[in-house]
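Chain IDs A, B and C follow the sequence of writing; residue 1 opens each chain.
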Amino acid sequence: MNKVRNNRAWWLVLPMLALVAFSAIVPLMTVVNYSVQDVFDANTRFFTGTEWFVKMLNDPALQAALARQFAFSLTILAIEVPLGVGIALLMPKRGIRASLVLILVTLPLLIPWNVVGSIWQIFTRGDIGLMGWSLRELGYPYNLTSSPVDAWVTIVIMDVWHWTPLVALLCYSGLQAIPEAYYQAARIDRASRWAVFRYIQLPKLTNVLVIGVLLRFMHSFMIYAEPFVLTGGGPGSSTTFLSQSLAIMATAQFDVGPSAAFSLIYFLIILLVCWVFYTAIMQMQKDRQSGGPHE
Amino acid sequence: MSESRHQQAAATEADQAQADEPTMTPQQAHALAAREAARRRRRARPKGRRIRSGLLLGAYLVFVLLPIYWLVNMSLQTNAEILGELTLWPQALTLDNYTKIFTDANWYMGYVNSMTYVLMNMAISMAVALPAAYAFSRYSFIGDKHLFFWLLTNMMAPPAVFLLPYFQLYYTVGLFDTHIAVALAHCLFNIPLAVWILEGFMSSVPKEIDETAFIDGYRFPRFFLTIFLPLIRSGIGVTLFFLFMFSWVELLLARTLTSTAAQPIASVMTRTSTASGIDWGTLAAAGVLTIVPGVVVVFFVRHHIAKGFALGRT
Amino acid sequence: MAEITLSGLAHSYQASPAGAADYAIRQLDHVWEQGGAYALLGPSGCGKSTLLNIISGLLAPSEGEVRFDGVAVNDLPPEARNIAQVFQFPVVYDTMTVFDNLAFPLRNVKTPEAKVRERVAEVAEILELTDRLERKARNLSADDKQKVSMGRGLVRDNVSAILFDEPLTVIDPQLKWKLRRKLKEIHRRFAVTMIYVTHDQLEASTFADKIAVMYDGQIVQFGTPRELFERPNHTFVGYFIGSPGMNFIEVHARDGEVVSGAFPLVLDAATARGVAQVCQDSSNVKLGIRPEFVEVCTEAGADSMTAQVLQVQDLGTYAIVHLGLGEISLKARIDEGKPMPGHEAHVRFPAQHLGLYVDEFRREDRR
């Protein structure tokens, strides 16, 4: 679209800016403020500069949490992306079955995150949960609270259950946007199923997949409620990810300086990764506009 | 690209024309042909392939539904039955857990509170995002690209980062433990999302429509409300769905900013341990009831979801 | 190459059609002869695309049979019918180069690579794409993409027919004529049956040897552009072909005279007899005459009628004169150099150019 240059458009943007600034900038300033000070109480505070940042970056507990977080995010991406694509390809495109399957597939996304944790907490208990009980019956000594492996695997399965629908629905909408003529032409050209996937569907999916990977990475990096409810971060700290570490620090230890510094580091890591993705998306959109595929 | 715009204008005209008389563009003819062909193909396609696809999809759906079924199962059992032997379906079906929730103010107020701030957030976010999205879509202005990117970064802000500041901020302005506090807090990520989705949909409406309306003498508010918004109906529906979803499911901020007066259902649920242990049945029932609103909303926007999930950008 | 026969064809998109209105294609019998260049002409919504999809096999007809060289192909899917179809919007595979795009149909059936190269080179040469073979298809202009789309239909050796569904719609006007010429060249070179769907009569007449005019689900006339012009079989063909379209005057016989509304028409005896005869069978009787053949004289004659000149449009080499004969409105086309009428004109309807139309169809046996 050829946009008209008009600075009066700022009026339209102002209400939004005001609200988001209130929600974002003001608190962020507070965080920045705290991150460079040592606050003992309301009246006694010392400027500490980058001391907290250095301390945080060298904190072994935090480094461990960061490592766990990356491991977690990469694992779930590796599972959810192919699975999501596969499901999108299986979902019916038209008719009443399409609506039904769509609603069923979307279901996990609509559940409050703590309820997701609760569902899986119940589901995996050895005494009252179907999965926990079945595993025990089959001979496997499944124990969420004592085995880090069990805890990890369960959390990964829970996240896959919870968030794969997002990837699937993104891909589904990408597939829906492919005009019928492409499939018809492919039939006439006698293309195999694989060729149809590779040359027609996959290129279309690449666009939405980048969005999907961005969203999933972002969210998985911020995950809090589900693992908190399910394992509480345990056993020990084997499933304590970054958000929980930060929450513990902020609320339990009342140490605003270090937690503020940690917050900023956390935020910056996400920003960096997302900026990379964002540039990729914008680049792809630009490619598309300069003589790209037809809708 | 001028072509796609003309095609879209043509498509809009074709849609109009379709309402007047039964004409069909080649595109529509092809789409109809494809539907028919798909129908015949379904009957003619090698059974093996169809069965395999159906089985795979079925297996996934079982995976999705099993934990939810288990929750529903438990919600219809008494605590005694739950803690007793494991049963695959309720032996003594009871609706007591649900009645408890509907009659106990502590419980149902949780839903009311959650609904309240979610609806407030949807209204605020929409009201503010619509003009902003229009600006991003139609105009270029100083700092627009940077503003847009900054907007998106707010979606990437971990709520955990804002816990303490929000707590202090809302306490200071006297809004702690109110619905509006949570509604405003959720604006942090919901407004950028709304702007992102709406801008995508708005950009697919050709600017010629705006220009024609202005030439015809429409003032901007009237044009926006009576002409423009109906054209992006599906985008608005999808945006409302996402706003609802992300606000309804969020736990951390909602819990931090409330204590008793505006306590969301999530908080209520995490406080159900009593002296005699966790009230599993009620917990399960509460859980089931949190899923219902989402299902209702998605049912209403199911036709538009496919488009909206790609944020209008396919 | 194949002769395509459509027999007793009818199609409805409804599962249980109630009446004629539910059918997109009604009772259609037609033969497309081998090797011909045909146009399927008609307004939007008349069923052209539906018919094309039936011929190519993308759609199975509700009733009737499609035969290729006498063999019924109703049950054959498109991939088995050896058909190529070019769609309105270019269908190209963005991730592949132009070469790979053109090679796609051949590689799908495991053609040896040497043959592939040969065919692609040949087709690329005709379509003037040789210098772009290594480019990614994504970066082409719209008409180049459409050429690639067409090219994919041509690479295959043994195509029975090539079907075009309004393929030049997205092309810039100045390039349309170039592509049209290309298509004619391709037809001459490969001598393959081509069916070209369009709603533009100019496109149809420049491309096709014979045009099938489609209206409301039926083929109402099949003939050369000349035949369609001079002897339209159906009032719709009269309206649609020619610019401006044919004049139609509703007539009925009254007291031995031919009148339209209240206005008595001056006609030759044979025509008048014919009108009187058919008026006994039907109330929908029209006389048709093309603006080109309406004789406008400056002086009155024995067999002329006086008309009011309502408007004169001067279009350079010719002028369109809007005439009023009583309540009837007519258009006449007067070429440059011929005398232009003033406020009044005297018109004649030469017998050989008058057509008698009963229930929209032309009646020939009126002498």
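One rule holds for everything that comes next: a contact is a pair of C-beta atoms (placed from the backbone, for glycine too) under 8 Å apart; a residue touches a chain by one contact, two chains touch by 3 or more.
All figures in this text were calculated on a predicted structure; none of them were measured in a lab.
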Checklist outcome for this item: Taking the mean of all protein C-alpha atoms as the centre, the chain whose own C-alpha mean lies closest is B
Next on the checklist: Contact counts by the stated rule: is the higher one at B-C or A-C?
Outcome noted: A-C
Checklist entry - Measuring from the mean C-alpha position of chain A to the mean C-alpha position of chain B, what distance in angstrom results? => result 16
Item to check | Cα-centroid distance, chain B relative to chain C, in whole angstrom | outcome: 50
Item to check | Approximate Å spacing (C-alpha centroids) for the pair chain A, chain C | outcome: 57
Checklist entry - Can you list the chain B residues in contact with two or more other chains? => result 3, 7, 27, 30, 33-34
Item to check | Touching two or more other chains - residues of chain C | outcome: 58, 87-89, 142
Checklist entry - Of all residues in chain A, which are in touch with two or more distinct other chains? => result 179, 181, 184, 291, 294
Next on the checklist: So in the complex, the part of chain B that touches chain C is made up of which residues?
Outcome noted: 3, 7, 17, 21-27, 29-30, 32-34, 36-37, 40
Checklist outcome for this item: The chain A residues in contact with chain C across the complex are 179, 181-182, 184-185, 187-192, 195, 199-200, 202-203, 287, 290-294
Item to check | Of all residues in chain C, those that touch chain B in their complex | outcome: 13, 24, 43-45, 49-50, 53, 58-60, 87-89, 142, 165-166, 170, 197
Checklist entry - For chain C, which residues count as touching chain A in their complex? => result 56, 58, 77-79, 83-85, 87-96, 104-105, 108-109, 138-142, 145, 149, 152
Checklist outcome for this item: Touching chain A in the complex, chain B uses residues 1, 3-4, 7, 27, 30-31, 33-35, 38, 53, 56-57, 60-61, 63-68, 70-71, 74, 82-83, 86, 88, 124, 127-129, 131-132, 134-142, 144, 147, 149, 151-166, 168-169, 184-185, 187-188, 191-192, 195, 203, 207, 245, 248-252, 265-266, 269-270, 280, 283-284, 287, 290-291, 293-295, 297-299, 302-303, 305-311, 313-314
